[in-house]
Every structure is written in C-alpha cells, then in structure tokens.
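Some structures to go through are shown next.
Shared between the two complexes below is chain A, which has chain B as its partner in the first and chain C in the second.
Now for the complex of A and B:
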C-alpha cells in the first residue's frame, strides 16, 4: 500500500490535487481510499460527489470518541463503516467536521 | 467596533483584513489588527516583519485550576501589540505559530508553558477584545474550527469571505448554519476574487437561501495579485485599483453598521 499526504497553505489547491490524483489512480485500476482530514472538509466536491452528498458524509472520528456512536474498533472497521463509495475502486472517508457552535 | 473575517482557507481573509486596516487608518481611524491564524500571515501583508512569535506569551495565569487573563483585554492589547512602522494609527497582534510547536510533544509541558499560556490568552482575547473608539479587525484561520469554538465573539460584524466556487460557498453556508449566532453579531458576506457578473450571481444565489447579505463584491485585481506574488505590503497597491475601491466601499458599509442611520 502506498500512502500519499497532500499539504500546503490554505487555498493552494491541496484538495483539488488530491481529488484529481485519486480519480486518475482509480481509473488506472488501483483501489483508492481518500481521507479528508480537513476540519472544514470539501474533498467530496473535488471528487465529484456534489455539495449535498459531501455534506452528508459522516465524520469517522466520532467512532473513536468515548461518547461516539461506536466504541473504538479497528481502523479497517472504521473505514468500512464510514467510507462512502465515490466510484469503482474509489472511496472517501471524512475525519471530522466542525459545523456547529460547541462549548469551550 | 469588532470586525471578524471568516471563510475557507485561501479565500482572502488576511488580504481583506490588511486592505481594510489600511483603508480605515487612512480615514483617521485607530485600528488593532489581530491575526488569529496559527500559521500567521497577516504581518507580511501589513508590511511588518513576519515572525512566528507569540505576542501573548505568559498573558494567561493559573487561577483556581483554570486560567484567566493577566489584565483586561484593553490592557493586554496595549502591553503586547506592536506598532506598525509608518502607520501611527495601526497596531498589530498575533497568536503565534502553534503548529510549529505542536509537533513538539513537550508543547504543554513546563518548558513551553509561556507559549501555551499565550495561546490560551489569545483565544480568550480574540473572543472579547473590542475598541469602542476604534476598530478591532480579527483575522481568523481558514475553516470553521475557530468560529465553532466561539472565537468570532459576541458582538460586531462577522464578514464571510466567499470566492465564487462550490467549496467556498459550501464553507460559507456551513458558517451561516452553525447554529444560533450571538444576537450582537451581524453576519454579512464579501464576494472576493470575482471575475464576472456570473460569478457574482453564483455567490449571491448560494447565500440568499441562508439569509446572508452580500455587502461588497471585490473583483479580481492584477495590481493586487502582483503585490501578493512579490510579497509586497498591500499599502503599495494603487488606491484606485478595483480591489482597493471595493474595500473602500466595504469600509463605508462597516462605518454605517457602527453608526446605524436613525430610522425615519
């Protein structure tokens, strides 16, 4: 398995590069899992999921929190539970989204 | 008056914060520009020496197992902000580069307590600071994390900086839908880097359903792009360039928001 991290300043095009790269690798026959680790996640848009499906993705980090819907399990199980199919051989898993005011 | 800039990473918050600070001080207003980004960048566009330093190191003190500010927000800003050379009406304050030290697992331990205390002080001050006689311009980091944690504060104007594409408008709608905004905050949008009437329409159409008014449309501006490419302070951009004229319009709107016209 190869792991590719994409980093850079805000707005520099990390998500766009990651999305296109993932699509191209999947088209070449590789199984690709994309991970959106941004707390303001929008990789779904670059993968072509559209705004509505992107907003419906669940944050996998919930599974690792004591008060989340599931108690810590293996990474493979977390990915299987939370990843959404984007296309053939291409999946996305979102880590966390801060879209509500929270205390503290 | 407090003005907080919010938006997706790269939408132009720091650029607009710097242009707005320049515009307001040119009109004789006093401005404190505050960079809340944990990878700071506002100093550079303001024409100050860019650093990663924590301006509020040691400004939070232990109190009953928690922390409290070591003075009132106004005292701390007076004590810790730095003057901007060549602009006597502008002062500058930054959180400091947290990411650099978070790589170090010692961050929260004794050796780095000054900086950890500074980060706590900064978050508290970002929520509270206002200058009733002048302006506090708070430039938050990209994304929703800081605003979700309350750093937009409880009063003033929160400006959503929105570019004309789906990721940016989706982010703006997340801000608008985060829950009940404090009653003292007026939420408004600035459409930024707009190249055509179609692009302006795209931003307006995305924000109308969530009830956020678009106060100003800032067009793409080659003079501004050249200054950013070269790393020049934005005060060097021609005041008659399209982006600076748009920011002058934004300043008018903000001054109106500070002194609402008496209702007829």
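Now for the complex of A and C:
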C-alpha cells in the first residue's frame, strides 16, 4: 500500500496535481483513496466530482461528524461510511473532522 | 488517520495537504511514503518548497518528488533547479486547458485529456509507484 501526500504553497496547483494523479492511478487499476486535508477543500472538483457534489461532500462531512465525542469504530469503517465514490476504484474522504478520531 | 488505515495490497492513499508548510511541520509524517512537492517558478513558491523538502528529510519521509508546475520555458526550470539545488522530477507546462477546466469546475482530465499538462502528469503517475 502506497501513501502519498501532495504539498506546496497555496495556489501552486497542488490540488490539481493531486486530483489528476489520483484519476490516472485509478485508471491504471489501483484502488485509490483520496484524502482532502486542505482548508480549501477543492480536491473533489479536480477529481471530476463537480462543484455541487463537492460542496455536498462538505455538507455531509459537517452533518455526519459534528464536534463531539470520539467515534468508537475503526478508521476503515469511518472511511467506508463517509467516503464518496468518484468512480470505479476512486474515492474521496474529507479529513478535517477526523482530527479527534480515536480507534476503538 | 494514515496510521489507522488497514494495509491493503494495491491500495494507494493520496492526501492533498493544506497549502504552505504547517501541515508537514505538524506531526511526524512517518506514515507518508512519498511527498510530492508542487512548486511554481517564483521565489515565494520555491521557498515554501525548499522548507517542505527540508522538513520531509528531517521527518524521514522516504521519497520526495519535486513537481515544477506552470512552467513556461527553460528559464523557469533553471530557476527552480538553482533555487532548490536539484532537478525537478516532473515539469508541468503552463496549460490553458487546465485554467479553463478550473474555471468550469471540471477535472482537467474530463475537460481535455490530451492537454500537455495532463500528458506530463501521465508520465509522473507512471513513475510514481516505482
């Protein structure tokens, strides 16, 4: 399993690079889980989800993981429940509300 | 989060970090196999890239990939090479199709798969997992 992070100055195009790389890796047959950890969460747009669906993704994140006690389940279950399908072998999950995650 | 994910053969986890250096400065980053640093050919962007590369080395991130983005000409590549003291692993050209896709809220792949920028990223994707 490969774990890749994309970083750079804001505006450098890192989200576009991340989104296109993820699409290409999924096309190559890899099971790609993308994680949007940016405060400007636009990765869904670069992946091809579109603006509206990306915005709904944010809404889901806010609704499903409100501030509160830690979630008593595995991270894998959290990802399965909250990740959105972008296409075959490609998913996206928002990360910022996972800050207080505690596996249990 | 990365530490809590199960190891699955064939899976790629790709994280879009926040802009700037703080997301790498925080935490130990030991879960990251590869840090892709995207840099534009101007001093403030290159300075952020330089600091990211230094932090990634200090935090023992195994592989660091430098992507020169929005490159117009050889002088842009030379600037990044001289500023960072290394050759970029990938050079992505300035591409109007990417700007248009951004304006339309579309993926560059869906907008124009044959664009030069997508072509350059195709080469990077092929080499990224090897």
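The rule we apply is simple: the second predicted complex is superposed on the first by the 81 of 104 C-alpha atoms of A that agree within 3 Å, B and C clash if a C-alpha of one lies under 4 Å from a C-alpha of the other, contacts with A are read in each partner's own complex, and residues count from 1 in each chain.
Quick note on the criterion: contacts are C-beta pairs under 8 Å (C-beta built on N, C-alpha and C of every residue); 3 or more make two chains touch, one makes a residue touch a chain.
This is a predicted model, so every value here is computed, not measured.
When the two structures are aligned on the shared chain, A:7 is found in touch with chain C, with no touch to chain B. With both structures placed on the common chain, the touch criterion links A:40 to chain B and to chain C. By the touch criterion stated above, A:55 is placed in contact with chain B alone, chain C being left untouched.
In the superposition on chain A, A:19 contacts chain C only, with no contact to chain B. Legend: residue contacts after superposition of the two complexes on their common chain; A:83 is shown touching neither chain B nor chain C.
More chain A residues lie in contact with C than with the other chain of the pair chain B and chain C. The interface of chain A with chain B overlaps its interface with chain C at residues 9-12, 15, 38-40, 45-46, 51, 98, 101. Chain A meets chain B in the complex at residues 9-12, 15, 38-40, 42, 45-46, 51, 54-55, 97-102, 104.
Residues 8-11, 39, 141-145, 148-150, 166-167, 170-171, 174, 177-180 of chain B are the ones touching chain A in the complex. Residues of chain A touching chain C in their complex: 1-25, 28-40, 43, 45-48, 50-51, 74-76, 79, 95, 98, 101, 103. For chain C in complex with chain A, the touching residues are 1-2, 4-21, 23-24, 29, 31-40, 44-45, 48-49, 52, 67, 69-70, 92, 98, 102, 105-110, 117-118, 121-122, 124-126, 128-129.
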